[in-house]
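Look for chain A in each of the two complexes below; its partner is chain B in the first and chain C in the second.
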Partner chain A sequence: MRKYLKLLGIFWRFSILRELEYRVNFLTNAFMSVFWLFWGVISATIFFAHRDTVGGWTFEQVLVVLGLYTLFTGVMEAFFRPNITQMIEHVRNGTFDFVLVKPVDSQFYASFHSLTMWRLVDILAGAALIAYALRAMGLTPTGGQLLAFGLLLLVALILIYCIWLAMMTMSFWFVKIDNFAELFYAFYETGRFPISVYSGLLRALLTFVIPVAFITTFPAAALMGLLEPTELLIGIVLALALLALTNRLWRFAVRSYASASS
Partner chain B sequence: MRKFFIKYVVLTRRGIAAQLEYRMAMAIWILSASFPLVMLAVWLSLAAEGPVGSFSAGDFVGYYLLSFYVRQMTAVWVAWELDYDIRHGDLNIKLLHPIAPIHEYISFNLADKVIRGILFTPLVIGVAWLIPTIQIAPTAANLFFFSIALAGAWMLRYLAQFILGLFTFWFSQALVLIDIFWMLYLLLGGGIAPLELLPEPLKTIAFYLPFRLMMSFPIEIMMGRLDTAEILSGLAATMVWGIALMGAYRLLWARGMRRFGAFGA
Partner chain C sequence: MPLTVTHLKKYYPVHQKEPGISGSLKSFFRREYRDVKAVDDISFAIDTGEIVGFLGPNGAGKTTTLKMLSGLLYPTGGSARVLGFTPNERKPEYLRQMTLVMGQKQQLNWDLPALETFLVNQAIYEISDEQYKRTLDELTELLDLAPLLKKQVRKLSLGERMKCELAAALLHRPQVLFLDEPTIGLDVTMQTKIRQFIAEYNRRYRATIILTSHYMADVTALCKRVIVIDHGKLMYDGSLDELAARIAPHKLVRVELATNVEGSRLDSYGKVMKIQEQSVELLVPRSKTSEITARILAELPIVDVTIQDPPIEDVIARVFEQAALTHNATAAHADD
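On to the complex of A and B.
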């Protein structure tokens, strides 16, 4: 475990050093992240110009959801996107063999060895929006609510990781498709609004199959004391189940991986 | 003129062949364009309590189905191509060809439009036919003006993105401009909400900017919300913007070429 934490430190330090060479790039992108956040808030006001609530949520409550949406966009783009890109390159060029012969767990190495630092700005911007919305509502979460929120953030992180790991695993079989990750964003886009906006089948799909609800809606609900305890429980079970499942999928894929030339 | 036309046809056919090579990647780009559907779902949840402004649930379905179609049929990515070609020097190869590079880029985009047209026209008609509550007005006149407005929307989007892409000649972060353009396009072109539902002053601003002509205008025609005078003035505005953008393209291209020559690439 300690070895892996140390490795993580080395990987990320190296990624950051490499990016610091392009400072203008960092600044413009940081600026754009903040811009997109404002854009999201303005878009939300359009809906609230016609109704007091959307899906039963007030404007400030929706801002918390939007904050989480931005935060997790940052997580995905900073931690997972660079790795899936490299994974696809590795499989395509046959250099994935070099990953396999390294004396570390291949899933760990493939999942975490790059980081896009400037995307961390999204995480900060999202957190700032959440803090702002809570203040605007005059809400101070209790210890219990914070605990539930923390647990659900962890659940959301695990779920996101599992989804990206599954997509990475797919690249073993679909070598030609380099924009696989975009497909997840089609569903993630729904996370800008609370899950109660969507009806019927779509809501079930977004809760249990592609669990976007557990990434933005439920953590937001936890923070504002709107969460049903069963939802927390379902989230934890779902996260653990997916973690086990995607790990098995990865192992299966690595075993059947035949390198580039063979 | 005839020769020019033949070149175009050949280039477009080459484009279709090239794009069919990447059909899986293309399918994913298309499938991931879920934004109009998400917006539709949110508006439908609001319309469940009664109409929003002048939009009932059926209007929203019509609006976003058309919005999906218009966005698919006007999809442009030339700024990324330009960015790549300018930085990697691939533009040199295109400059050697006996036709101006912009036509080569356009023909590639037209090839994509042929494919998307074959794919989505029947799909959209089918969906509209299957949903009886949908509110659209597909009269012969509206269909006629819709097609012209759609072509105009594509032209404006294409020229605008091409121009922004040309800024790569001067700074490496030019794609940021595309991001800003995209934000304005979604907000003021009618991507998030039909322009009628925007709060003031956004609504008035949106009416005077070209973003409306790139998405909302053809949709408004097909929904039967415009009278003939409004349609004609919209088409005239499209033409004026088109001419202005073409002028800007010529100017920037000529300057960009001097600059491109200057870095000796």
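On to the complex of A and C.
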């Protein structure tokens, strides 16, 4: 465990050093993050121009959802996207061999090797939006609500990780998986709004199959005291099950991996 | 023996595609697979501290064998044991004691100085700061790394990069080294340096080394023993000298003459390979070398005589020729 914490520190230091090699990136991208956040808020105001609620949620409540959407976009872009990009390179060039011949857990290495530091800006921006919306509503979450929120943030993190890990695993077989990521983003886009906006099959799909609802809607609901306890329970079970499942998938993939260009 | 391979096999299913768009379309919907026998029933054992050269043409199965030994590929059949471990279980205790260097692939990060990758490896192999420093100092001295370590890898030359690759792969002082074409693409001076380094590492740590190379000079300089594989089959396992004796039962006698001698007169000593002014090359049966040399010395106006084995490239080429013949013969037989 200590070894892996130390490794995480070294990996991230490594990534930050690498990013500092290309300094201009940082400023342009920090600017883009803030721009997209405002864009999200503006499009939300347009939705609320002629009505008071969307799917039963008020404007400020939707801002909390939007804040979580931005926050987790940051998480994905900072922590997962760069790793999937590297994984594709590794598999294509056959350099994943170097990971597999080292005494290190390959899933850990592949999952956390890279970090795109400047996307941490999205996480801050998302958190700021949530804080702003809560203040606008004059809401102070209770201890219980904060606890449920914390747990659901963890659930959301695990779910996102599992989805990215599953995509990464696919690269062993299909090599170019950039399209999977785009497909997932198309679904993730729906997370800008509370799940109650969607109905029927799409709603079930977004709750259980590609659990976007657990990433943005439910943590937001928890923070504002709108959560059903069963939703928390389902979330925890779903996260643990997916974690075990994707880990097995990874192991299976490594086993069947025959490295490129022998 | 610390490294034993018994009846090792690796068959790959390879999908067959007809050329052209229609072929691509067909294979998009229905792929046809055929087994390619990359490694087909080979056995050998290697002792501690040995350097063994793996020879074979492209696609002979050298890299596949190395990958199985380093735990990257699961054998289709047979088994491999290295240092008491089964490589494909990839036990950390095993991985800590071995290393794999691939001349065609690099583990160093392109954008950062090699030193940064070294630090990652230090953490992965859990090398103490003290030992890390000692090993790095040694490697720096042996490989002349000092001016290279703090430069970004993309700014290094191919040879400099290879030196850093070797250092990155050896920081944990592995006991078993699998070196796949470590000198590929390097110029002659750099090849020599890398070669000297490998020999020195072997001497200092009594490391067991398997090396593949396209450059015969690597093999002759480093390996007393060679294993020749072709089409996944083991063709030869033994000393380099014996291989030469067996495959090329001739020696090359180079003679510098004082005066011109007619070609017909030379024919009686052996097969004339080359006449250039007064320097002549004769191919002489190995067993009669001394007898014939004595006759040449007695009967011809001699300035100088040297006796050599034919170039090892030629010897190896002949091994593969023979291998191809047997292979084709078996293939033809199978077609009947």
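Just so we're on the same page, the second predicted complex is superposed on the first by the 257 of 262 C-alpha atoms of A that agree within 3 Å, B and C clash if a C-alpha of one lies under 4 Å from a C-alpha of the other, contacts with A are read in each partner's own complex, and residues count from 1 in each chain.
By our rule, a contact is a pair of C-beta atoms (placed from the backbone, for glycine too) under 8 Å apart; a residue touches a chain by one contact, two chains touch by 3 or more.
Computed from a predicted structure; not experimentally measured.
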**Message:** For A:11, using the defined touch cut-off, is the partner it touches chain B, chain C, both, or neither? Pick first, second, both or neither.
**Reply:** second
**Message:** Taking the superposition on A as described, I'd like to know which of chain B and chain C A:104 touches: first, second, both or neither.
**Reply:** second
**Message:** Contacts for A:32 in the overlay, against chain B (first) and chain C (second): which applies, first, second, both or neither?
**Reply:** first
**Message:** Once chain A of both complexes is superposed, is A:197 in touch with chain B (first), chain C (second), both, or neither?
**Reply:** first
**Prompt:** When the two structures are overlaid on chain A, which partner does A:3 contact: first (chain B), second (chain C), both, or neither?
**Reply:** second
**Prompt:** Of the partners chain B and chain C, which touch A:51 in the superposed model: first, second, both, neither?
**Reply:** first
**Request:** Using the superposition on chain A described above, determine whether A:179 touches chain B (first), chain C (second), both, or neither.
**Result:** first
**Prompt:** Just chain B (first), just chain C (second), both, or neither: which does A:189 touch?
**Reply:** first
**Request:** Name the chain, either chain B or chain C, that contacts more residues of chain A.
**Result:** B
**Request:** Note which residues of chain A are touching chain C in the complex, please.
**Result:** 3, 6-7, 10-11, 14, 17-18, 21, 93-95, 97-98, 100-104, 255, 258-259, 261-262
**Message:** Give the list of chain A residues in touch with chain B in this complex.
**Reply:** 24-25, 28-29, 32, 35-36, 39, 42-43, 45-47, 49-51, 54-55, 174, 176-180, 182-183, 185-187, 189-190, 192-193, 197-199, 202
**Complete:** Counting only contacts in the complex, chain B reaches chain A at residues 24-25, 28-29, 31-35, 38, 41-46, 49, 52-53, 172-173, 176, 179-180, 183, 186-187, 192-193, 197-199, 202
**Request:** Can you check the complex and tell me which residues of chain C touch chain A?
**Result:** 12, 38, 63-64, 67, 70-74, 90, 92-93, 95-96, 98-100, 102, 104-107, 109, 111-112, 116, 119-121, 123-126, 152
